[in-house]
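Working notes, structure below.
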Amino acid sequence: MQRIGVFVCWCGSNIAATVDVETVAQTLAKEPGVVFSTDYQYMCSQAGQELIQEAIREHRLTGVVICSCSPRMHEATFRKTVEKAGLNPYLLEIANIREQCSWIHKDKLTATQKAVILGRAAIAKVQLNAPLTAGKSPVTKRALVIGGGIAGIQTALDIAEAGFPVDIVEKKPTIGGKMTQIDKTFPTLDCAACILTPKMVDASQNENIDIISYAQVEKVQGFVGNFSVTIRKKARYVDEHKCTGCGLCTEKCPQKKVPNEFNLGLDNRRAIYIPFAQAVPKVATIDPNYCAMLKSGKCGVCAKVCTAGAIDYKQQDQLITREYGAIVVATGFEPIQLDKFDEFAYSQSPDVVTSLEFERLMNAAGPTGGTLLRPSDGKHPHTLVFVQCVGSRCDGAEKGKSYCSKICCMYTAKHAMLTREKYPDTEVYVFYIDVRTPGKNFDEFYRRAVEEYGVHYIKGMVGKVTPQDGKLKVQASDLLGGRQLRIDADMVILAAAIEPDKTARPLATMLTASMDTNDFFTEAHPKLRPVESPTAGIFLSGACQGPKDIPETVAQASAAAAKVIGLLVKDSLTCNPCTAKPDELMCNGCSSCEKVCPYGAITYVDKSFRGPNRTTLIRRVAQVNPAVCQGCGACTVACPSGAMDLLGFSNQQILAEVDAICR
Amino acid sequence: MKTWKLSTLDALFAAIAGKQTLYIPADVAGQPVFARWEPGLAMTRALNTGRSAKDLFFPQVEDLARFRVAGKTVSVSPAQALQEPFVIFGVRACDCRSFDILDSVFLAEPADTFYQARREQATVVTLACSQPEETCFCTSLGIDPQAPGGDVSCWMAEDTLYLQANTEKGEALLASLPRLEDGEKPDADSSVFDKLPLKDLDFSAFSGKALMDWFNSPVWERLSQSCLGCGSCTFVCPTCQCYDVRDFDTGHGVQRYRCWDSCMYSDFTMMAHGTNRPTQKERFRQRFMHKLVYHPNNHGGQIGCVGCGRCLQKCPISMNIVKVANALKEGKA
Amino acid sequence: MTDWTNRVQEISGVNPRKCMKCGKCTATCPAYDQMEYHPHQFVDMVCTGRVEELMASKGIYTCLGCFACVERCPRSVEPANLIEAVRLAVIRQQGGNHMKPDQIPGLLNEELPQQAITSALRKYSKGG
Amino acid sequence: MQVNETFTPTIVAFCCNWCSYAGADLSGTNRLQYPANVKIIRIPCSCRLNPMFILRAFQRGADGVILCGCHPGDCHYTTGNYYARRRMTLLFSLLDFMGIERERTRVEWVSAAEGAKFAATMNDFTQTITRLGPNRRLEDLRCKVE
Amino acid sequence: MQSRVIEKAASLLESGACTRVLGWKAGAFFYDVTPAVFTCAQEVREQMVFNPFCGANLSKYLIAESRKEGRIAVFLKPCDTFSFVQLQKEHRIARDKVWAVGVQCRGMCDIDSLKELGLKGVTAVEEAEDDLRVTTLYQEKTISRKEALSPRCHTCKSRKLLDCDELIGDQGQDLPSSRFAQVEALEAMTPEERFAFWRGELSKCIRCNACRNVCPACSCEKCVFDNPNSGVQNKAAASSFEENLFHIIRAFHVAGRCTDCGECTRVCPQHIPLHLLNRKFIKDMNEFYGPYQAGGDFDAKPPMLAFTLDDPEASIITNGRDGQ
């Protein structure tokens, strides 16, 4: 016979003002199985919890129902409470009489009646609750960081620093990411390379860090603490261990006309290349799309000049499978394609560039050696027009991105300022909708651009850019000045919106991590768990979660690392005990459940059963790995025989709730 | 003997229904069934109903009691046995005989009060057969389909219905009807019954003392092999009388009811001690042993079958009591 | 909010509150110099309920209906549709149906596209 | 249509734990009102909803049943709501085929952020069911209080 | 055909290729054949039949039979082979223990179809080409085979013999079938009419479980309706709700697994057109998620265990497909 205790919380006046808590407690006391029922001002307070614990001991309760705020708020709290009193934590049910009752109803009688019904449903359910014990699963003490930009590097360094081995998987031949392409950083204007490259070197020299460059994640299996990841390391046709990075091959390669992606196609590289001088690992890579040897078997110059004998035209993609306890996603961002914004003439004139291209044009290691020259004729530009919010803040996917890309205001101010500083003879116009500078020393930076450097900030969007007679005719409106502007510009720089890297979506599917409609990874909680994905063991670092600047990225990267370390220091993990459980006697072995399980938690075994008349039957039956099962319940409905049930949310429990509510 | 013009059968039904509830075999949703007569409801042209006439005395589902729960108090209200008299018209000789078999079970002490009340309230008006189906074998069980019995026996010939009261209840019913005329029915032609393919079945061998021999017969294994374990034979059978008592949680209490059960089901009599008949062979054997052996052994040789042929028509795999009886006697299946 | 303000929004199907005041419509407008009110101001005036002022303005007829603003507006506000709706509102305010269905047969001729007549009917009759 | 003033429908809302239940909580946090006859049952995911539960609700006296889950693509378990969507579409179609009023059942995707949508959905659904009147076609008379 | 089937069965046993043969056994009348397992050639020659009344789908028996010692030969008609494949997809049949002989079919007859023609007391049927000579207690009559066809055979979907080890008769093709016509006719009714239709039909149900027990898809070790722990255990329909419940849940459980073999309707002692519920599911799944034939092949993913990102929303039903 069940002995159930009911505890009705006032939540101060939050509940008590609308729900007659005393009536609720008294009414529920009459329910079958209830041996104790009371109300109290704050059940979650120390005193409230003690009251529950005392009642459990005194009345030898076998189940507890707490009528209070949402279980999403305090279920964990109260589970601990009852556990401390010696009751299994899963013999507790919470009736949500605050968020789903007192806060949405005004009439006291109505709300009280509803609270009673919700209480009854919880009592009906708790009668059927079974004590559940969370299982343990071991933790592999190694982390995987996907993406080797500043976010991935920082996360890896922090994890390695704590003593855990960590692998960085980078799809490009070198780590460093977008930050390597940036010239100076706002608002301090220190050189990006100067602060990034030491970190890259640190990463490459750290014993705990293994950089797997020119590689991609191919398959992810397992679950928190026990991931098994297959990584495809693409053939670079150069033996990484032999190559010294001397660069001789990249000078001798006869194929000179390969667009240099590091400089965004503004200049060319060879078919064998090292992306940039400070690349990590500093080894050459052969681009198979351009290498004559790989395409037609005729050339072999690089192999001839390489004294280290590192060139290997027969190299194959390599599949590496490793076990990890945690995975950090740091896939970053890229600027959007600008084909939709034909009015800015990006595809019509080489002098219309994106801000990232402008970074390269300003960079000493860039195609122009740091001298600002127009791409079309290599001449010095005199009038520059910056356009903000290109593709950001748009209405719907057809127009562009609905979000603010966050970093453009600041880097545009930086560009404008640097241009004016280096070339005081230029006129610089910045067309903005709003200038958004929330950040330490950010607004001051923007004001300096206007006040000290004389950048013309004009409120209004550029309407049209027309290439004409070697100039770019910019038609715009000065909304505050109330005049139409027609500027003959030499260059137009577009602050293109940023979007998540294209590899993020397929990766999310592999990781079973959720994404928003913009393909940014979703965090477990937007405020309280910002660096965790809702999928346990998957963490988020940097711009894959949303647009952010370098300091924010680094902060989040370290935060993600802290979370990973918190996970890896554990020897084992407590599993969610509310998992699917098949009744082997009912199971048909039909594989329906397996097909809908998103975690691959279900396997089948042939098992002997005692048949009628002393016979033995061998049947195929489902087995659930409770460490892998996340308890969604998809299998329970797919199962035609009803053999699969979900602990904690069993058919009987839910039906009991339905009955209690509908009666 | 009384007579009534068949062309005005409706008026006869109206007259009966004016005084008490009347059930006649009629087509409802394309299926012949005993249905409560209402103006416009016509008799079926089918020889017999799909479900047997036992439904009217032993319905498939019957409430026994209601337990009401308020907080921690429980109150019980037993269901009332039927108080209203009713007439069931058009019962065939086979079904009429089935009432005797059911009576021997339900009216034996302690009598089943629900069944008893219905039997007492009912006036059974039977109807003689003239056009049997090939599946009919009541004649092999000593039933005369042309002298069907009941409280009132009826015959249809040409344009006339002939009615003959057999009991006081029957007399009372006929007396209550207006405009019945006197008459004598012409002799019926029974030659078709001699042509029935199953007319020569002999069930006498089963009621002897050889119970264990039948039980241990090797034929059960083969016979039961293709049985699906459904309950269609038991549920259309006029003599099957097994039921289960179940509780339904209404949310406010419990509705206790009984419903037909089938020995063909794997959970039949599971409530008693758990290890019931483990395979379909045992279940299958139980059904036919009961009809052919146990029942006659316990009830003075009365075979638990009336030869209505329903199981022959309805079994999804065409296994039936005739095939079983023949196989048992031949000793091979 | 005046009746006309609601009416204009209803006719145009445009929600002026979506405007983020970037001014791209105005920047892109080829008729800027001829306009008393510019496209972004238009949107703002509808948003703030100043439709009567617009209706009184000759400026609404300087819009060429080139739809550059509609095309380029990042927020899908469609200023040209608003302007067209204000013009319609003016016509309807003047009262009466300027065109009735029974006039259509008389207007039909081979030169004139039938769609023009239908559009005209839509524009110049109050309808339902 | 005659609207029965005294008819207060019983409505069961099955809400997935991660989105819709949180959305319902948010609706409360924002003090958005919806009728008290809507009672929420928490399930881990919309894919946990067995058609049996819906039918049982109708049997026991519910007049309307609604399932709320994460928006497609946002399922906490990645794919649960896609299965739920198929199952419910087919179940509702069968119920409609059997002549059960199609408005009595509904699926809405409500995210954890859509407190207002949750309240609006419940208000609308309650109105629909009130207009539709009591569930007669899938009721079980034994469950009615005499 | 009969002689070829019997000879094949006998030779499979005689050669030792199989230890048992699953086929049909003669009854007292021409039409009351019973599925049976034969173990020796003599038995086969004496008792086995293959006539137009061998409608029973034997594939379900293979669940139990293929778990036994030795190989069993089975005779499967085209529609039975779909169940055979579907059961294999669900890992219910040990294929290596089965020798499947496909028997081409031109539609099976049904005693109820004969009765529909007004033939009472049928004592013998003789097959003659495209005719059946029927002897009854009252008359002799020759009817065309077509008239005697089981209703399900009029809308036969396919004569393909899938996954057979050998064939008797030719391999067949998919047929243009109007099998959804009845479903469409019901869909065209008002909800009230549909409700009345199904109430009329389902109120006839006596819950004998014949539909369930004959169904190759309903092959659960224990049905939820027999399982006291399922929460819906139920032995008889004690209310109109329970009459509906059983058939809704049954149809739902076999959705995407039902091959539309029509056994449920064939065996219903109350003549309830139960296959319409399954067909409705099939029709909907075909329309919403693309054509799918359960048991049609080994690879296609059953629609209930799959999804696409742009499946129609349930509102397609609740708002009315026609926007009503």
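Residue numbering begins at 1 within each chain, and the chains themselves are lettered A, B, C, D and E in the order written.
The rule is short, and it goes like this: contacts are C-beta pairs under 8 Å (C-beta built on N, C-alpha and C of every residue); 3 or more make two chains touch, one makes a residue touch a chain.
Keep in mind the model is a prediction, meaning the values are calculated, not measured.
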{"item": "Lowest number of touching-chain links that must be crossed from subunit C to subunit E", "value": "2"}
{"item": "Pair joined by the larger number of C-beta contacts - B-D, B-E", "value": "B-E"}
{"item": "Farthest-lying chain, centroid of Cα atoms versus that of subunit E", "value": "C"}
{"item": "Chain whose averaged C-alpha position falls nearest the assembly-wide average", "value": "D"}
{"item": "Farthest chain (mean CA position) relative to subunit A", "value": "B"}
{"item": "Chain centre separation (subunit A, subunit E; CA means) in Å", "value": "51"}
{"item": "Centroid distance [mean C-alpha coordinates] between subunit C and subunit A, Å", "value": "45"}
{"item": "Rounded Å distance, subunit A centre to subunit D centre (Cα mean)", "value": "32"}
{"item": "Set of subunit C residues in contact with two or more other chains", "value": "none"}
{"item": "Multi-chain contact residues (two or more partners), subunit D", "value": "51-52, 56, 60-61, 73, 79, 83, 87, 142-143"}
{"item": "Numbers and ranges of subunit E residues touching at least 2 other chains", "value": "224, 231, 238, 304-305"}
{"item": "Chain pairs that touch, as defined at the top of this document", "value": "A-B, A-C, A-D, A-E, B-D, B-E, D-E"}
{"item": "Subunit E partner contacts - residues on subunit B that touch it in the complex", "value": "28-31, 33, 47, 50-51, 60-61, 131-134, 192, 195-198, 222, 225-226, 228-232, 234-236, 244, 246, 248, 255, 257, 259-262, 265-267, 312-314, 316-320, 322-323"}
{"item": "Interface residues, subunit E side, partner subunit A - complex", "value": "67, 90-92, 217, 219-224, 227, 229-231, 253-254, 257, 301-302, 304-306"}
{"item": "Contact set on subunit C toward subunit A in their complex", "value": "18, 20-29, 32-33, 38, 40, 68, 72-77"}
{"item": "In the complex with subunit D, residue positions of subunit E that touch it", "value": "183, 186-187, 191-199, 224, 231-232, 238-242, 244-245, 248-249, 251-252, 255, 277, 280-281, 284-285, 288-289, 303-305, 307-309, 311-318, 320"}
{"item": "Subunit E-facing residues of subunit D, complex", "value": "51-52, 55-56, 58-59, 72-73, 79, 82-83, 85-103, 105-107, 137-142"}
